[in-house]
Amino acid sequence: MADDTMTAGLSATVRVDGRLDATITADAGDVVAVIGPNGAGKTTLLRALAGLVPAAGQVSVGGRSWTSPPVLVRDRNLGFVFQDQSLFPHLSALDNVAFGLRSRGTSRAEADATARAWLERFGVGDLAARRPRELSGGQAQRVAIARALAPAPDLLLLDEPFAGLDVGVATALRIELARHLASYDGVALLVTHDAIDALTLADRVLVLDEGVVAQTGAPRDVAARPVTDHVARLVGLNVIREGETFRSFSPSAVTVSLGQPEGSARHRWHGAVLGLAPHGDAVRVLVAADRELIADVTPAAAAELGLAPGREVWLSVKQTAVETWSRDPA
Amino acid sequence: GNDSGDTTITVLAASSLTETFTQLADQFEKDHPGVTVKLSFDSSATLAQQAVDGAPGDVLATADTGTMDTARDALASDPKVFATNTMVLVTPADNPAGITGFQDIEQGGVTYVVCVPTAPCGKVAAALLDDNGVQAKPASQEVDVKSVLAKVTSDEADAGFVYTTDAQAARDAVETFEIPQSADEPTSYPIATLDQSKESDLAQQFVDLVTSADGQAVFTAAGFGTP
Amino acid sequence: MTRSARPLGRPPLVLVVPGTVAAALLVLPLITLVLDTPWGSFWDEVRTQAVRDALRITALASAVTVVACLVLGTPLAWLLARVDFPGRSVLRAAVAVPLVLPPVVAGVALVTALGRHGVVGALLRDAGLTIPYTTTAVVIAHTFVSMPFYVLSVEGALRAGGEQYDVVAATLGADRWTTFRRVTLPLAMPGVMAGAMLAWARSLGEFGATITFAGNYPGTTQTMPSLIYGALQADPQVARTLSMVLLVVSLAILAALRNRWLTTP
Amino acid sequence: MTRSARPLGRPPLVLVVPGTVAAALLVLPLITLVLDTPWGSFWDEVRTQAVRDALRITALASAVTVVACLVLGTPLAWLLARVDFPGRSVLRAAVAVPLVLPPVVAGVALVTALGRHGVVGALLRDAGLTIPYTTTAVVIAHTFVSMPFYVLSVEGALRAGGEQYDVVAATLGADRWTTFRRVTLPLAMPGVMAGAMLAWARSLGEFGATITFAGNYPGTTQTMPSLIYGALQADPQVARTLSMVLLVVSLAILAALRNRWLTTP
Amino acid sequence: MADDTMTAGLSATVRVDGRLDATITADAGDVVAVIGPNGAGKTTLLRALAGLVPAAGQVSVGGRSWTSPPVLVRDRNLGFVFQDQSLFPHLSALDNVAFGLRSRGTSRAEADATARAWLERFGVGDLAARRPRELSGGQAQRVAIARALAPAPDLLLLDEPFAGLDVGVATALRIELARHLASYDGVALLVTHDAIDALTLADRVLVLDEGVVAQTGAPRDVAARPVTDHVARLVGLNVIREGETFRSFSPSAVTVSLGQPEGSARHRWHGAVLGLAPHGDAVRVLVAADRELIADVTPAAAAELGLAPGREVWLSVKQTAVETWSRDPA
């Protein structure tokens, strides 16, 4: 608990009954990726920090408490990109972006100019006069990001901001966002289902699972030693947990056979194939052993083994391909 | 009072006096150059209530003595009865039910209407029905006598109880039949000046006109009785 | 604690002050009316046959009005909101006309149409159906003056909701009737409820059209407002007590229904 | 061609039939009323001083009513829809009460509050202000009976819209007044427009409360409905013509405003 | 034009004024990935096929014309996953999924059972009773997919169905979808911004650009020889177009230098750095030459060259690293 700690960045403990109990700290200028499976509580965390969901606990940003005494949402100086965009339907793209500036006292002319610059930066300057319903999904998403960034908030809460963006735009936005964040002391929380975001854009990763923080750390460490199935999937690893000890191995290190494997493979499992999907040049096989495991095999091998959903197979992996570690005490 | 320039007096009068008072007001304006008579017509009860509540007005004329009584706190002079009225039975001009006299309203299938017992005209009608031992029920109890007449002239009712003056005003639109003993149940129209009058002289002059021989002629012509 | 009852802040004075003035304007006359009522005679009045009859007819007429609005008015609102037919804007304006008519004139209009010599009334009479002076006439008068409130309210709700979900239902194979029943109507429910309440309330207070078209006979066509109007001519105190009867009954129903309706959107 | 005017299909009979019945019920009496009007005397009637005065007062009262609704009623609707204060559900029910009162009783209520001997009226009188029997009284009576329609309609629209966008505005730093002006109100605009129309229409037809509270003085308190009511007592033909004057004027305004309002959501 | 062709699969030509003019054909059982930048017209194409947007042209599915005579939307037997989900807000997750079955005449009990099975299959069986607003973004997305699939439509129109799904669920859904599509004759159109979807799940790829079809073909061919910048980005290639001739090269084949490069590199460009982003172990550099190009360099090289936005650099690539081809006549 960090109840009395006041850092220049973000320090918060928030509890929402039955949905969330999380502590999060971040230094000024940090980008924190929040990852976790659907329903883990990522959106709830962001809404609790913004004061949009009644939550117990405390939040302090930039050395100032937002909770004792409580600070109104409008005075928190935050920027929120909502998962469903929530653009004002009755305002043009330009007016949507200018809204935050104008409600913080900027003159109309100046707010419009700034808003226009943000739209240009995100490649939707020519759509400034359009209403949200006349925008494509990705265009609307860009307007929503511009709207949140334009007033230069202390805390940026981005709920899957790159979902629905085409790859070129997403790359450009990542660059833009990184540049933006580098130049000021704010903290950004970035909810994402994309390993690239988590690994490349973030200074720290916070892994949520069923409403609690399962892991935090530098992106590289979390990727190398995931403690939840979800992150393991995200980075494409098999992870096996025994108490506080974790073992991981890559899908390509897994051998698939029809008979029980002999020899040196210390780790072996038996189960039915759940499904197959192409994965790059390989075929990725999902197998239900005592846990779900993934194995990558060549298309030739898949054909030879007659892999199909329901087929019983053995999986094995050599000890040398397995990395073992313990969870740091949280 | 003064007769110089733009003076206005306001007369609150029962709706059944609409035609006669309009005529008398014209007469009064002619006799008193520079004076305008404003007429506010409504049901007697409403007017009496408003007079008590201080509604602007110089003269009050109602269709029965009971309502005038409720306004007594606002009166500047003693009420004077200036006209009476009796009830008749009217049918539509084409008389669809083939009524030949008062007794026919007891026939099955005849739809007749009267005023609500709470209204002056309804009290009289109820008394007449009682006096004549009529058993048949009216189809409706209208809130005022003009509504009764409207039901008859629009052929919605076969017959209705209205004042002689109403029947006369409706002319060819109705056929009129005497009601036995109606002379025993006359209504009286009283008039008085009001406390709140700022033109009490003119107000009194209007009352005088109404009760004068000239005024009485207007009422007689319209079918009213004289006190 | 980030738990805060009003995360959006306190309501601004610029809204609280005029809102309070409006509330005072609406509520104050009611309070003085209640205070001026001779409550001592309340129960005696309630027990009279005339009041019981009038309450029954008022309740019946307003209930039938609400049902007629739901059954007939809802489809009309839907047609106006969703179907593009020639003359739609004329019909839309025409539907609003009974709102503008003084009730007594509305009664006259009904007489011209459905009276004994009315265009339709004469036909009905030849068929052995007489409408004037019956409880049916009361119901028709109430429906005529109240339904426009319902139709406008529901049409507004249907338009505000938009066709978005109708389209989704179509992609799922639903025909228009199924879509109406299972999607359009449930989504417009707050508007339907508000409209039903407006129509019901308007019906409770109605008397001009009723007295003109249906007459005023105790036990068949005399409603509470007609009774009150009559009493007002004779004895204002009785009229006030009767008004309180109408008020208390309808307030009880309002309180029971209103909060439920409005708080489940 | 995939271009099709009705991709969702034709409206089903189960909706068209009751909708048509409703339309017929509302429109037919109007048509017969129009046919029965002695149009020959229309222009002569319109030109009389009494009609011109009454039209002026009606127009004034209904215009002021709409303004009062917008200025006072909108904040009240917002308070009821958005702010959680003690007694909210009681106030909500109380606001609906004038809907239920027969207009004449509403007039009596106004007399008890603002009449010469009324609680507030006596105070005002001491301050040199007399309200009853003035044009101000007409305006108050109209506002009293019409505003509940407005408030209910707008409250419904505010609730249907939800607080979602209010919350978004707060994250962008907007205070509640800014949010109200720039987000809440524009999004509730269809409801505001519908409510304003209901209130305006109700005000045009109002006469029971007016005649009781403000009297029936030509030139100061006589409105078109009062004039029509009086004429109905004297000469029904004149009353019809007068009704048509009111109808034509209000229809013209309705047609001009309604389609514009409702078709820009 | 395919106006008179009736295939067992999908054959359509649709035109929406100013937004779309596209011809598309697909065999029975095919999955067609529709890719293209934001605002390219992907959603418009799907809506036009469904009959939700007034469009000129013709559509036939399963040998039956939907346009002459016009077939009502409800009779087209299609399944649509909307980009914004559009779940019925007043119905529970279960009722949302059962809706399509019931409106096509299935009994309530049967529809509920089938709907429940679909929710289970997508891992949201325990949320059956919840209203959409009580679901997380990803949970709602799964319900939306289940709703579209449940009535077994002839034409499946999926508008970014995997956006917002966590990686485990997305994989499971891809498998589920592949299995589902394999077992019936319908055609599926899948709008996606994810190269994995396009490359692994689809039988064919249709590339839209500014409302017109820029390229169609097998996923592997399109990936190897993209003709639009967008697809080049998606697969991480630089593509240079000269008339109908295209040249492509990988970002890792690009050399970044401060001075003008000498020697054998035939292709060289000069421009300013637009931005930098980590990309795996490398740093990806976006440079504005006469066109935007990307180069991957090591972090060490990036530091040594002092790469930062605005820095002027030279890019060069060896002829041997460049693949050259011409577009097939469309």
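Side notes on the structure shown:
Each chain gets a letter, A, B, C, D and E, in the order it is written, and its residues are counted from 1.
The criterion applied here is as follows: a residue touches a chain if its C-beta (ideal position, glycine included) is under 8 Å from a C-beta of that chain, and two chains touch if they have at least 3 such contacts.
Since the model is a prediction, treat every value here as computed from it, not as a measurement.
The set of chains in contact with subunit A as well as subunit D comprises C, E.
Summed over C-beta pairs in contact, the chain pair with the top total is C-D.
Mean C-alpha position of subunit B lies 34 Å from that of subunit D.
Each chain gets a centre from the mean of its Cα atoms; for subunit B and subunit E, those two points are 86 Å apart. Subunit A and subunit C have Cα centroids lying 53 Å from one another. One finds 21 Å separating the Cα centroids of subunit A and subunit E.
Each of the following residues of subunit C touches two or more other chains: 7-9, 167, 170, 175, 229, 232, 236. Taken residue by residue, subunit A touches two or more other chains at 52, 72-74, whereas all remaining positions touch fewer.
Touching two or more other chains at once are residues 46, 147, 150, 154 of subunit B. Across the whole structure, chains are in contact as follows: A-C, A-D, A-E, B-C, B-D, C-D, C-E, D-E. Subunit E makes touch with subunit D in their complex at residues 14, 48, 51-52, 54-59, 66-68, 70, 72-74.
Across the complex, subunit D meets subunit E through its residues 1-4, 6-9.
Here subunit B touches subunit D in the complex through residues 10, 15, 18-19, 38-42, 46, 50, 53-56, 144, 146-147, 150, 153-154, going by the rule given at the top. Contact residues of subunit B toward subunit C in the complex are 43-46, 49, 111, 113, 116, 118-119, 137-143, 147, 150-151, 154-156. On the side of subunit D, the complex with subunit B involves touching residues 111, 115-117, 132-133, 211-212, 215-219, 222, 230, 232-234, 236.
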